[in-house]
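Here you go, one structure.
The letters A, B, C and D name the chains in turn, as written, and every chain counts its residues from 1.
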Amino acid sequence: MPLENKEFKPKIVAFCCNWCSYAGADLAGSSRLTYPADVKIIRVPCSCRVNPMFILRAFEKGADGVIMCGCHPGDCHYSTGNYYARRRMTLLFSMLDYLGVENGRTRVEWVSAAEGVKFSETMNSFVEKIYSLGENVRLGDLRCKS
Amino acid sequence: MQRIGVFVCHCGSNIAATVDVSKVAEMALMEPGVVHAEDYQYMCSEAGQAKIAAAIQEKGLTGIVVCSCSPRMHETTFRKAAERAGLNPYMVEIANIREHCSWIHKDMEEATKKAVILMRAAVAKVNLNTPLQAGESRVTKRALVIGGGIAGIQTALDIADAGYEVDIVEKTPSIGGRMSQLDKTFPTLDCSACILTPKMVEASAHEKITIYTYSEVEKVSGFVGDFTVDIRKKARSVDMNKCTGCGVCQEKCPSKKAPSEFNRGLNTRSAIYTPFAQAIPNVPVIDREACIKFKTGKCGICSKVCQAGAIDYEQKDEIITEKYGAIVVATGFDTINLEKYDEYAYSQSKDVITSLELERVMNAAGPTHGHLERLSDGKAPKEIVFIQCVGSRCADDRGKPYCSKICCMYTAKHAMLIRDKYPDVNVTVFYIDVRTPGKNFDEFYRRAVEQYGVNYIKGQVGKVIPQPDGKLLVQGSDLLDNRQILKEADMVVLATAIEPNPDVRKIATMLTASIDTNNFLTEAHAKLRPVESPTAGIFLSGVCQGPKDIPETVAQAGAAAVKAIGLLAKDKLMTNPCTAQADILLCNGCSTCENVCPYGAITYEDKEVNDHGIRETRRVAVVNNALCQGCGACTVACPSGAMDLQGFSNRQILAEVDAICR
Amino acid sequence: MQELINRAKELLADGTVARVLGWKAGDLPYNPEPAYFESAEELKDFVYNGFCGANLSKYMIEASKLEGKTMVCLKPCDTYSFNQLIKEHRVDREKAYIVGVGCKGKLDIEKIKKQGIKGIESIQGAEITDDAETLTIQTLYGEKTCAYADAMLERCHVCKGKEHMIFDEQIGESKETKDAERFAEVERIEAMSPEEKFAYFQSELSKCIRCNACRNACPACSCRKCVFDSNKFDSSQKANVDSFEEKMFHIIRAFHVAGRCTDCGECSRVCPQGIPLHLFNRKFIKDIDALYGEYQAGADTDSKAPLTNYTFEDAEPSIVGKRG
Amino acid sequence: MSSEKKQAEMIKEISGVNPLKCMKCGKCSATCPSYNEMDIKPHQFVSYVINEDIESLVNSKSLWKCLSCFACVERCPRDVKPGKLIDAARQVVVRQRSQDYLKADEIPELLDPELPQQLLVSAFRRYRR
């Protein structure tokens, strides 16, 4: 962690689908696999419930990174939800990149209920990335930052 | 404004060791809407639940937040506790401060801070919760089985034995399906008819089972527990109540040129026919395409010879409408068309046959009365070549990408039976892999090799060239010896890939059941819900879901029956109230949501709306709560925000986002 | 134009249509506006010239609710929007009598003004039948000229083609005007560094005054009530109080029309601030083409839209970072 | 990257073939009219490319015995196209100068007057430098 970021405590929102990733996060917990407390999880029924509005709103309110986790393609509890989510997020992330927002601030990762280790590793690497990017200044209400 | 109670659980030391629980409770009181907060050793215990109940009643709480373990663990517990205390169970939210906080963080200050934020998010959400009522829908205690093969028969018998009415709809004139066409069955070599016909008789005699043969499903509407189905009973031209099944009509019918479907077109049948001797019902059908009376108006011999007066040329198709609680699909399979595999000369030589045709040749009731002979000249073959994987495991569009699963075993069976009955016949099998997992299966295959001397060659056949003398020149490779083989054969048998019955597409569309790229019906979960369709109330039996042999089919048929019985046993279905809802004032009627719904739960209706005084008829989305599973795909697809998900509404999730980012 | 008027009169007279949806002259020589005509008498105000850029498809949503058929004049590019609206059940094909009108590229008054031509009194050469390659402009300061192509809207330089995708009859010839690459500008921005991209869009979007003209003109943005006007997302009627608001609005607007936008260019044409809003939509179109296969919204009325479709092998969102 | 690996990659690139799809069914060898002339058999081409033994492949007789009739390509159930692999291997050789199988002046005496012109043209297309 770079020294100059010592004071920087990022806000990171993780959307997790109820059936795979939220359970994966639970497994990470029961296996005591640590990841930074900066990550806060919001439970949604399926990754296809995540509206781009939610992600933009998080940034608006001062989030420094948003990650979405869902079932692996082919394993969606609702059969096809994550396929739609995948297309939506790909386009959204591409647009954010196009607008000059660092693309490391958004991520999608497929985490199954059995992948507690992957969940914790994913969160560790994502948080590390956000620390390296520093504070989100390009998106968001600048008044929140003062 | 809500009156919210926050309950922070210590979970012994699981939470309390890293999270300052009393601090969380103290901070909760500063949140909007929170009128009560406390912490306790074990919230999920009797005493903990009693504390929640007491607070609900004493403080008149309208919503509660429990800061504890994962909702996957105790959400139901706390919802029930709230319900007992008179609070709507959906006014309960859980802040997961154990798995997502105390167990993964070591620093108390940090963990406490995070727990407070998680509590805040949950409080923010509860502030926007609304009481939800689980809906109820009735269950019609009757099941429909589509397809009357072994899968359909077994499912119907199991459901009927549990005391429920079952209807079987079968497209052909008799039940029995593919299994009735088989000669012997592996690995025990019992005669297929001997084990199948008793089941057919049992089904037809069962007081709870109604069989509609020569019938097709025409239309399906409704949803789980309450389907309405139109069944087209095609005109049989024979009165089922009068016919005695004596068979004289078939004997006397002068039109005997129609290819026999039952014998795979290897011989012919009369225009009035029952597909096979043990057909159930034993009532013939007039094939109007082949019948002279129908073609020319002259003949009428069957009517003259029928002593029962059962022939009815005027009979028309009949539509039967019936209600069902559950539908089981058991539409089975067929072999693929070999048009694109001309290298095997299937269309050029009568002596190149499929394995299913060989079953008919070997069967005593078949075209050769069970004698193994060449179909071209009736001579006894001396050299038979079997080719495996014809159209299976094929990456291009000529065949199927999957393994048809049953071919290795039936080829071993055929090879063994031929060597047993005609020891002077040489049998060669060209294979890519021999796949025989299954009880006593590999032993069976090894017996064919070791005991019966079947010559197995690792390698495919490149082409079969019919020779002027009627022989078949087979050019194959032996990969183990690294040589190309040229072999003269009298007969070539192709282990043709199987594919789902082509009708299944139409049926799946009617049922809104999903189907994969190979036209197999998709199961709700590949591992954990293999006999259910993702569409509630639709169950899968047999090969319509994927290639299977008879024992697997029967096992799955039973499993599908149990799932159907589980549904029929309920008087009412409680529906998940966390379903999508369309705000008809905002709905554009654009059908985008309909296109992403995996359950066919969204339909469009023309509805009278009153939009701030403007009365008009609009095309709007309507969600069927019995079908909706609450995934939320539609909510994001909807551009106007008309579609929202109860329990996970846009505003609820945004409130959580805001609370976390505050 | 006369042919159009004559045909309109015939259709009104024989009762085929109850009204005509076209354009009438505005208060300036270069701002004709969409209008209904219900009688031969009213048709004297009918105009159709190079300034009739407005896409009338969207008006058919309301016209579909009216008694009787409406004759609607659609340029080739407008017919894509009409098809898309049919697909979304927003317009009634039976209520429309579509006259596919010829188009030789539509004009952008801003481009004329940018050439220093001011005090415009009249413009010749904008008539649709006119083959002139040059516009002759009478101004307070005398006669000025300007090449037709130099005054064309950006969208006409990347024209989708002169074929009408749907029509009942066609009147007038169309001209091929495409002389630029559709995605060239998007590619130019994609090649910038994140800092440059951010600076570029920040400067463009900060001009936004949230007048909603883009939304009102867009045929895909036809929601009965926009999410930004409803309380469904706590996002109603937000003014631009900070640098984020306009980004939120334009990203979400582009997202909501992704896979549905026909690239008709109306958003940019109507923006009073001259923000190149089509660059958002075109970015999505480019991504969709590249990731999910070529797709032109409105080319037909029954294909599956890219965002309501999927394949197992679809690209992962991480491709965004990898494309470099 | 070793030169063998490079060549294997080049063969895969030229042919557009993924040899890993091969199921070793042998249908290519079963269908090949030049099978008996070949030292390395069609189904083995695939293994040679997988094992990156391009040296043996380019020095094999098979390289020049394959007629490019594409029966193996046509019938391969896995879309592996062994014929394309050998074609690509041939490309790798002919792309190097003076590696021609035949010299131009050797050709006339090999010609059969009955030979259809078309065959000659296609042969030149294949073997020319």
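Keep this in mind: a residue touches a chain if its C-beta (ideal position, glycine included) is under 8 Å from a C-beta of that chain, and two chains touch if they have at least 3 such contacts.
A quick note: this is a predicted structure, and the numbers were derived from the prediction, not measured.
Novice: Just by CA atoms, which chain is the most central one?
Specialist: Chain B is the most central one.
Novice: If you average the CA atoms of subunit C and of subunit D, how far apart do the two points sit, in angstrom?
Specialist: Here the centre of subunit D sits 55 Å away from the centre of subunit C.
Novice: What whole-number Å value describes the gap between the mean CA coordinates of subunit B and subunit D?
Specialist: 47
Novice: Quick one: subunit A and subunit B, Cα centre-to-centre, how many Å?
Specialist: Computed value for the inter-centroid distance: 36 Å.
Novice: Residues of subunit A that touch two or more other chains: which are they?
Specialist: If we look for residues of subunit A contacting two or more partner chains, we find 51-53, 57, 80, 84, 88.
Novice: Listing for subunit C: what residues touch at least two other chains?
Specialist: 227, 233, 307-308
Novice: By residue number and range, which residues of subunit D touch two or more other chains?
Specialist: In subunit D, nothing touches at least two other chains.
Novice: Between which chains does touch occur?
Specialist: After working through each pair, the chains in contact turn out to be A-B, A-C, B-C, B-D.
Novice: Hey, which residues of subunit D end up touching subunit B in the complex?
Specialist: 21, 23-32, 35-36, 41, 43-44, 71, 75, 77-79
Novice: Hey, which residues of subunit A end up touching subunit C in the complex?
Specialist: Subunit A residues touching subunit C: 51-53, 56-57, 59-60, 73-74, 80, 83-84, 86-104, 106-108, 138-143.
Novice: Which bits of subunit B are touching subunit D when the two form their complex?
Specialist: 343, 389, 393-396, 398-399, 432-433, 458-463, 475-479, 482, 484-485
Novice: Would you tell me which residues of subunit C are touching subunit A in their complex?
Specialist: The touching residues are 186, 189-190, 192, 194-202, 227, 233, 235, 241-244, 247-248, 251-252, 254-255, 258, 280, 283-284, 287-288, 291-292, 306-312, 314-321.
Novice: List the residues on subunit B that touch subunit C in their complex, please.
Specialist: 583, 585-592, 595-596, 604, 611, 616, 619, 637, 639-642, 644, 650-651, 654
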